[in-house]
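A single structure is presented below for examination.
Naming follows writing order (A, B and C), and every chain is counted from residue 1.
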Amino acid sequence: MKKKVMSLLLAVTVSMLMLSGCGNAGKTDNGELNVFIWTEYVSEGAIADFQDQYGIKVNVSTYSSNEDMLSKLKSESEGAYDVLLPSDYAVEYLVAQDKLEKLDREELPNLKNIDDSYLDPSYDPGNLYSVPYEGGVACIAVNTSKVDREITSYDDLFDPALEGQIVVLDDTRAVIGMTARSMGYSMNETDRTVLSEIQEKLMSLKQNVRLYDSDSPKSALISGDCAVGMVWSAEIAMAMEENPDIEIVYPSEGAYVFLDNWVVPKGARNYDNAMKFINYMLSADAAKENISEFPYLCPNKKALELMGDDYVSNQAKNVPAEVIKNGEFVKYLDADTLAVYDEMWTKLKE
Amino acid sequence: MPWGYEAMMTRKEKNKRICMAIYCAVVYLFLFLPIAVIVVNSFNATNTKPYMSWKGFTFDWYVKLWSNGSLLEAFGTTVLLAVISTILSTMIGTLGAIGMYKYRFRGKTLIDGLLYIPVVIPEIVLGISLLTIFAKADIPRGMLTLVLAHVSFCIPFVIFNVRARLSGYDLSIEEASMDLGAGRLRTFFEITIPVLMPGITGGALLAFTLSIDDVIISYFVYGQTKTYPLKVMESVKSGVAPDVNALSTLILIVTAVFVVLTQGDLFHRKYTET
Amino acid sequence: MDIERTQKRRIRPDTLSAILMVGPVTLVMVLLVAIPLIYVAAMSFCSIDEFYNVTSDLTMDNYVRLMDADYMRIYARSLFIAFVTTILCILIGYPFSYIIARTKSRRKKVLYMLVIIPFWTNSLIRIYGWRSFLGTNGWLNSLIIALHITDGPIDMLYRNGTTILGMVYCLIPFMILPLYTAIEKLDASLLEASYDLGAHPARTFLEVILPLTSGGIFSGSLMVFIPCLGYFFVSDILGGGNSDMIGNLIERQFQSGNNWPLGAALSIVLILLTLILVKIYQRLGGDMDALGV
């Protein structure tokens, strides 16, 4: 019995030592890289290639919305992550809060691969803190074998005939923003009376929505569980490949446009590795691998050259320039307005 | 003496028994149906998300499983976490249960009350309360916070199991042991612990089971140390890949074999008696 | 810690060994249960600044928001779903536990283990199994169409009903296991006495069996009802996000909602609901220790 107890004690001591090891491991540069990115957005193959080429172990965590990411970032101690992939308005938010490290341009020679039209954005003038990755729009997927009527706009999604047939993004700003666009308002309305009008229309969407899914809405479209979707453009492009009945529709009101960016959060423990990673992701090869797997709008002109005409002429993958021009970016809202949005969202999902 | 429908097996009785058997079979079907889906899908040769439509039979996923480093790593993390938190919570819980049985002290009712909290409060509340306090204390999320969280919700289950055993425990055998010259420590390890062993192992088993399947509490405190349930949660979002199904099937087989082995005597008796 | 001398027991209480034994559990319970919950309670009175950070400006706003009719409806629906889940668990679980607990079959232990084995497979993946099974192109619809029961697939997923199905599936062992224990403990001679005295089986059940197994029903109900309020992933996966419960609301405030004080206030509401249920359970004569064994 004594022996058993002693071995038990030993086991505990060893495990405690291991634990304290884990606890300390992260304090300084540990030769690894902790990236926190969107689900279904960056090719695992590209990340594996980076690991092989640079001998840096990459730990991947994922999120399903900018808000998820910001919340997680806030709850973690500084330095938990080395690379993030926020959208436009989340970059603006992070910059305003002084939560980002400046990027070292010297370390990012591959930035030259990015098309000029995507540089110097309004949310980060001069690209001091961020470089673009991929972008796209939230638009409409229609399964033509299941839906008779023609759908051309966000407004059409509110048609009572579509009861229980739609999958929408599980994303507050996207769904409320779409409703606002369908009424001719901006996606960033703060006026309370306008918001209550939007709210009223939003509630008529409730019975049409079958599923809220941001991570893989294409699954419900491919499986036939949902006939119509208001989802990310590349999800539609992927669904179209699986199910030829699915078509992409760019809403006539102008779509929700986003551009996601690589950034380094303040206090990142592996800054140098982060630079290597971002530079690698800007390379034509990595970008090609990424858009092959997740066909979003690609700011990387060298990668587009590699992809050839099939990709460039595919309207779902390479979103037409005028769609981007007519679309609207989301902006970050003050806490009080966000609370109103959250209230609207709670009512919708109740 | 059994009761109810004994000796006379009238036709009515027989019908009743058949009905009961069918009822049980339906409930078992309900319990095992999703497992059947998992097992079948682990052999599904489909390559495209959401991996649902049947594309033919293959063993590929069982082979590919061994090259899915992150999935295996997560599984290893889960086992390590479960072992560490089981050992810690069993030790702390057993000591605590005995101490609270033997001694009276101020604040005992308070601790008693606190013990019920992890048992009755919904896990999500425990999860967010740990998240907020770890964030406040700026403890980096990872294995350490996972262990702390798991230990905190496993301890009460250990204590209740040991306590159930203690209620029939006569302290005078400890006195007898000490009267015979055994020291306090020796009495503890050679008398008290062996007597309580069934309660301790029961509690430890429960702690292990709770820890290995926990997802809600871990979800709030894991940082980047992903456990197997969290990995599954992630893959549920985008469609559970067949290699996850393959790993689940393997785990199921191992646990089923374990059950058969530990219940070996049962099967043995069945054959010798007939 | 102040140790009092016990009168009843003659073993000399030793302060040191008492501290060694009770100290660790006290430390864990205070640091990892009591303090975090107190902190959550305090946070529920805080507000957030323009960057959604928690600030120490005290306010009742969070609770005022939660008194809103929309939130009330969500509590009501959560309670309703939990209630239906509990009733279904009793209705399905009771006869089942009764049969396997009273069977004379030598396979009794196997029958019992068969209830537990499915729960050693990760719960999320089993829930996902239901999703594959019930989907538009799932097994069930394929079967229905193959048997020509209907022409097209039936939309079964993402409804309140599927959420309840998932809840029942996840939680039914917590009902079956205490019921099994309670029914197995029944004294057969009592039942025989009841039969011998000419009582109708239904009367025997209502007046003898049911009261004697009520402890199992109560603890099972508590162990089904309360977790049901917090299992956010079931309504996420099977409910399609259409039928939020309190658990989903809390999770959202700590994730995308980014409003921790509101989430904290919601948690306090959930704790209060739990405490009321526990009080009812104790009133009904429930044994608290029975919940954890």
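By definition in this document, a residue touches a chain if its C-beta (ideal position, glycine included) is under 8 Å from a C-beta of that chain, and two chains touch if they have at least 3 such contacts.
Being a predicted model, the structure only gives us computed values, none of them experimental.
Participant: Taking each chain's centre as the mean of its CA atoms, which one is most distant from chain C?
Facilitator: The most remote chain is A.
Participant: A-B or B-C: which has the larger count of contacting C-beta pairs?
Facilitator: B-C
Participant: Just curious, how far off is chain B from chain A if you go by their C-alpha centres, in Å?
Facilitator: 36
Participant: Per the centroid of Cα atoms for each chain, what is the distance between chain B and chain C, given in Å?
Facilitator: Each chain reduced to its C-alpha mean, chain B and chain C end up 16 Å apart.
Participant: At least two partner chains per residue is the criterion; list those residues in chain A.
Facilitator: Chain A, residues with two or more chain partners: 64, 74-75, 223.
Participant: Which positions in chain B touch two or more other chains at once?
Facilitator: As it turns out, chain B has residues touching two or more other chains at 52, 91, 131-132.
Participant: Among the residues of chain C, which ones contact at least 2 other chains?
Facilitator: In chain C, the residues touching two or more other chains are 135, 137, 254.
Participant: Taking the complex as given, what residues does chain C use to touch chain A?
Facilitator: Against chain A, chain C makes touches at 48-53, 65, 68, 70-71, 73-74, 77, 135-137, 153, 155, 157-158, 240-242, 244, 248-249, 254-259.
Participant: Write out the stretch or stretches of chain A touching chain C in their complex.
Facilitator: Per the touch definition, chain A meets chain C at residues 64-65, 67-68, 70-72, 74-75, 93, 96-97, 164, 170-172, 209-213, 223-225, 334-335, 338-339, 342-343, 346-347, 349-350.
Participant: Inside the complex, what are the residues of chain B that reach chain A?
Facilitator: Against chain A, chain B makes touches at 48-50, 52, 70, 80, 83-84, 87-88, 91, 131-132, 134-135, 138-144, 147, 189-190, 193-194, 223-226, 234, 237-239.
Participant: Please give the residue numbers of chain C that touch chain B in the complex, ascending.
Facilitator: Those in contact with chain B are residues 1-4, 6, 9-11, 13-14, 17-18, 20-22, 24-26, 28-30, 32-37, 39-40, 43, 92, 95-96, 99-100, 102, 104, 106-107, 109-111, 113-115, 117-130, 132-133, 135, 137-139, 169, 172, 188-189, 191-192, 195, 222, 226-227, 229-233, 237, 247, 250-251, 254, 260, 263-264, 267, 270-271, 274, 278, 288-289, 291-293.
Participant: Give every residue of chain A touching chain B within the complex, in rising order.
Facilitator: Contact set of chain A toward chain B: 1-2, 5, 8, 11-12, 15, 18-20, 22-23, 26, 34, 39-40, 59-62, 64, 74-77, 80, 215-216, 218-219, 222-223, 242.
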